[in-house]
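For clarity, chains are labelled A, B, C and D in written order, and residue numbers in each chain start from 1.
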Amino acid sequence: MQDTIRSQIQRSKVLGRREIARGLVVLKFQNSFVAEKAAPGQFVNVLPKIDFSDPFLRRPFSVYNTSGDSAEIIIQDHGRGTAILAATGIGEHLDILGPLGNPWKYNETTFETAILVIGGAGVASMPLLAKQLEKDNKLYAVYYGARNKSLFADEYLRKIEYSTDDGSKGFHGSVIENVRKDLNVGKYSKPKIFVCGPTGMMRSAILLANEFRIPCEVSLETEMACGIGICQGCPVETSIGEAESTGRKFHLVCTQGPSFAKEQIVL
Amino acid sequence: MQDTIRSQIQRSKVLGRREIARGLVVLKFQNSFVAEKAAPGQFVNVLPKIDFSDPFLRRPFSVYNTSGDSAEIIIQDHGRGTAILAATGIGEHLDILGPLGNPWKYNETTFETAILVIGGAGVASMPLLAKQLEKDNKLYAVYYGARNKSLFADEYLRKIEYSTDDGSKGFHGSVIENVRKDLNVGKYSKPKIFVCGPTGMMRSAILLANEFRIPCEVSLETEMACGIGICQGCPVETSIGEAESTGRKFHLVCTQGPSFAKEQIVL
Amino acid sequence: MREINMGVSIGGVEFQNPILVASGTYGYGSEAKDYCDISGLGGIVTKSVSWKPRPGNYPRRIVETASGMLNSIGLANVGVHAFVDEKLPYLENFNTKIIANIAASSTEEYCNVLRHIEENASKNLVGYEINVSCPNVKDGGLSFGTNVARVEELTKALRPLTKKLLIIKLTPNVTSVAPFAAACEASGADAISLINTVLGMSVDIHTRMPRISTVTGGLSGPAIKPIALAKVYEARKACTIPIIGIGGITSASDVMEFLIVGASLVQIGTANFINPNIGNQIFSELRNLLIDKGIVNIQDVVATLKVADQMKALGW
Amino acid sequence: MREINMGVSIGGVEFQNPILVASGTYGYGSEAKDYCDISGLGGIVTKSVSWKPRPGNYPRRIVETASGMLNSIGLANVGVHAFVDEKLPYLENFNTKIIANIAASSTEEYCNVLRHIEENASKNLVGYEINVSCPNVKDGGLSFGTNVARVEELTKALRPLTKKLLIIKLTPNVTSVAPFAAACEASGADAISLINTVLGMSVDIHTRMPRISTVTGGLSGPAIKPIALAKVYEARKACTIPIIGIGGITSASDVMEFLIVGASLVQIGTANFINPNIGNQIFSELRNLLIDKGIVNIQDVVATLKVADQMKALGW
């Protein structure tokens, strides 16, 4: 724990709103704090409705991009909270708590090539990671899979290996198969997988990484109440540490994640 | 009870929004049903938030004006529900149940001159009444009192006797004193008072009417859940009818009011 | 498309669908008929009726709360004579089942009211719901509903008086609803309904007076849905007679939750105040939901809650 | 401008203001310190601590509901040893009062935990809050809190072990909280706090599984405020020891409601999740409210509910 303030609550004015793919809306908002401090993989916790208690809790969103004193999030149409947030107009305000959670572990020296594996709407935390890797002059590749070509939110990403379930763009099949194909031919030196997407796809990524004995970090989504470690509401079962008498042990996704090395968790 | 449908729920598009006095916003909305059926003194019950349960209940508002297939309400800044409603933008939709309640009893032959007595924001049900009286070629006068001149919402009214607490417009003093002054000099033949305003002011109006032995009808506001007589939540104590063993008897403001002859109620 | 069977039968009475409207939230039908096709409802539970007419409590009777409301109507009603003379005949016009809800302050009064209705019953009156759970009157109400022995005694006294459905409406304001559910079954009730409102309070900080004239009132609406589901679940494990689930229902998905935890029928209460036609809307939503899920028989949903083996092993 | 006295003294302990944060909703202070000036709070009630560390329940542990949430954390905590070694020393850095909340599954465990903290207490630890009201663990929790005799026995066992504040935290999941309040007073508690969460449930209609792993969970947030106020009011009439009011507080006006019905202090729970600095915000709002109303002493607000004579005459 650092002693400087890592995150804070800020009323943030919405500066831009655009729909980048079917059901995906990007909101750009003024928040110098998030813009300055957010590292790749961190998230913000956004109140769907200021002053009203239904919906009640904040909603977590990855920091999608930052520039100057503004930051962006992608909001995927999911339920009542995201419906309200996605409808926020330019000039309105969001109540934002962040940045929260830990960054992707992109600084480790245990890998040479970062393989960013994205499933569907799990793209949000990847652009900042790619940007950082470029800044750090690291090798990386991006694998991006979706059901069909209308679902890609690829505006901030380069060097993408696309795949689609219906074959409408890139490799016809799953993103994991697409990665496997290239790992099979030894395309990357000392790769590490960074993966975000649906749970099933992340499980497959872990199996793939185990098969090739390469490191893999997954970014998890769990329901959160606080986002800052005070409610204990966001556990993921962990495989690490002495099992207690009760035989279970958990990590908190908000403060110990949202991304975990595949060995740390039971998915 | 008539057998034709008196009122219904309609999603109504907001066509206009204007601030007519400090803290008073008029919303104009498309609702042919209300526009056609609403009689002077009736109200509509408006949902502050569609699809969310906080705030929860509908809010009642008098029908302020109607024209063609649209109707208007005045919203006075009061609490959370009115704050949301007053902020409704043009093109957005209101969920409106109405028209509800009974009209002012302006058809009685027991009076010759209608004296419309308005306190502060209680103006909303008066323009339709004045319009109707004109249509019916009835004599009427309008007394309108407010704290100061910035608070008058008089756009649809004519022949107004103004009064202000601070003397900034018209008679310096209460609206009741202003009426009394003219009753004292016998200005009106067979008058009946129609009054809407703060409770204290309506009490004074009743006392005045008693003093001059003239009829008086008051329009009441009580908290309402349903507005249609099914919750029994909106009682006003009545002085009419046999007192039961418990010594109390009530009228429902929503279906038996909102306006009552002064003899019907205990205010 | 296969036929969807929305009918539910309890105690030999066939309801055309599981969606009823709750006592005190729908008047006697006549008020809501402008907004609602009453014949589309599974049934109507009428406002609690007592022997004599009751004027109800002094205002203020209602106050909005977060996602709900408090009420203290105080069982305002026309009395059983006007009820059978005026209200029941009117309700005969509709093709739906009528359940008469009865409130009283003594076993004798409960019996008298039921007997009087029974003697004058209309053809679509299918049963009685016994309100032992109103928090807003001093006499009767909760003094019955929080005492297992009194509920048992009352049920036994009423049972011989009718062959129609005898439903006991329970309160959530008890430590455990299980013994009440079991007692109702043991003493011959055909079903139980729950929950009535949750005791609550609100204060005007400016006048320092309670916002509800009777100090406390009954909380209803979406706020209490989680409480209601937990009570229905508890009752489901404690008895085998059908349960009518009530509390905070505003959507077909809410209805499904109640059915899954164990209710055979549901009642919609406060939501009628927001939209008096909500019962019919929920009916068609629910039907579509079943179609989407390939469920042909609504009764197949009842009491199908699945608890993970892992959690069962831990005693949950 | 006259000085406003926001201080409240209970059992000889002077709290700088009546606004505390509730157990389980503020961790051990270290997590929230980035967002909140902890020294501005009246006090912190720490997360329930048990003898051994507890991992807590399997996910899913939380679910949003209308104006509230359900939780079943399962008393996840570091255990009393880590608590005194790591958490209490850290909390000494702040100029606020600390109350250690204790959960256990037997009288013996409650006593052991309290004794261990007592022996290692830090200087700003002013008392203990005894959690007999957690609905989310199978052992202990509610089995104590719904049984007057057990609460009494436990209070009597704990009382001799400390001169610090002994506060019993009661559950709303009982028919009547009055006998519990009276029993706490009779057996030597300095205060009672209420309410803990209300038992509730939520179902995923697609999987037909409970949304909370332990099937039921505890409901908190604005939805339960009316329930909490009614319970505090009931308790206020049943005992004379101070009451700490808890349940759905999100504003200064909410705090005033609790004070008026009879709470001397309040705790903010779930609202911390939305805004971890809410305690301080409410403090300054509350101070302004008192200034507006010309009240110079916050204690003058406590238990000042006014009931209309008319209603009193009717027995309310």
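Quick note on the criterion: a contact is a pair of C-beta atoms (placed from the backbone, for glycine too) under 8 Å apart; a residue touches a chain by one contact, two chains touch by 3 or more.
Just so you know, these numbers come straight off a predicted model, no measurement behind them.
Undergrad: Quick one: point me to the chain whose Cα centre is farthest from that of chain C.
TA: A
Undergrad: Based only on mean CA positions, could you tell me how far chain A sits from chain C in angstrom?
TA: Taking the average C-alpha coordinate of chain A and of chain C, the gap between them is 46 Å.
Undergrad: When the C-alpha atoms of chain A and chain D are each averaged to a single point, how far apart are the two points in Å?
TA: Roughly 36 Å separates the two chain centres.
Undergrad: Taking each chain's centre as the mean of its CA atoms, how far is chain C from chain D in angstrom?
TA: Comparing mean C-alpha positions, chain D is 33 Å from chain C.
Undergrad: Please report how many Å separate the Cα centroid of chain B from that of chain D, as a whole number.
TA: One centre to the other, that is 46 Å.
Undergrad: Give me the residues of chain D that touch two or more other chains.
TA: If we look for residues of chain D contacting two or more partner chains, we find 58, 65-68, 221-223.
Undergrad: Of all the residues in chain B, which ones touch at least 2 other chains?
TA: 53-55
Undergrad: Chains as vertices, touching pairs as edges: which of line, ring, star, complete or other describes this one?
TA: Topology of the interface graph: complete, with all chain pairs in contact.
Undergrad: For the complex, which residues does chain C have touching chain A?
TA: For chain C paired with chain A, touching residues are 66-67, 222.
Undergrad: For a test of understanding, state which residues of chain A touch chain D in their complex under the given definition.
TA: Those residues of chain A that touch chain D are 1, 5-9, 47, 53-58, 97, 222-226, 228-237, 244-246, 248-250, 255.
Undergrad: List the residues on chain C that touch chain D in their complex, please.
TA: 58, 65-68, 70, 138, 146, 173-176, 198-203, 205, 207-210, 213-217, 219, 221-227, 229-230, 233, 248, 253, 256-257, 260-261, 289, 304-308, 310-311, 314-316
Undergrad: Under the definition above, what is the set of chain C residues touching chain B in their complex?
TA: Touch residues, chain C against chain B: 24-27, 30-32, 34-35, 47, 52-56, 58-69, 71, 73, 76, 221-223, 250, 270, 272-277.
Undergrad: Spell out the part of chain B that touches chain A in their complex, as residue ranges.
TA: The contact residues of chain B facing chain A are 49, 51-55, 80.
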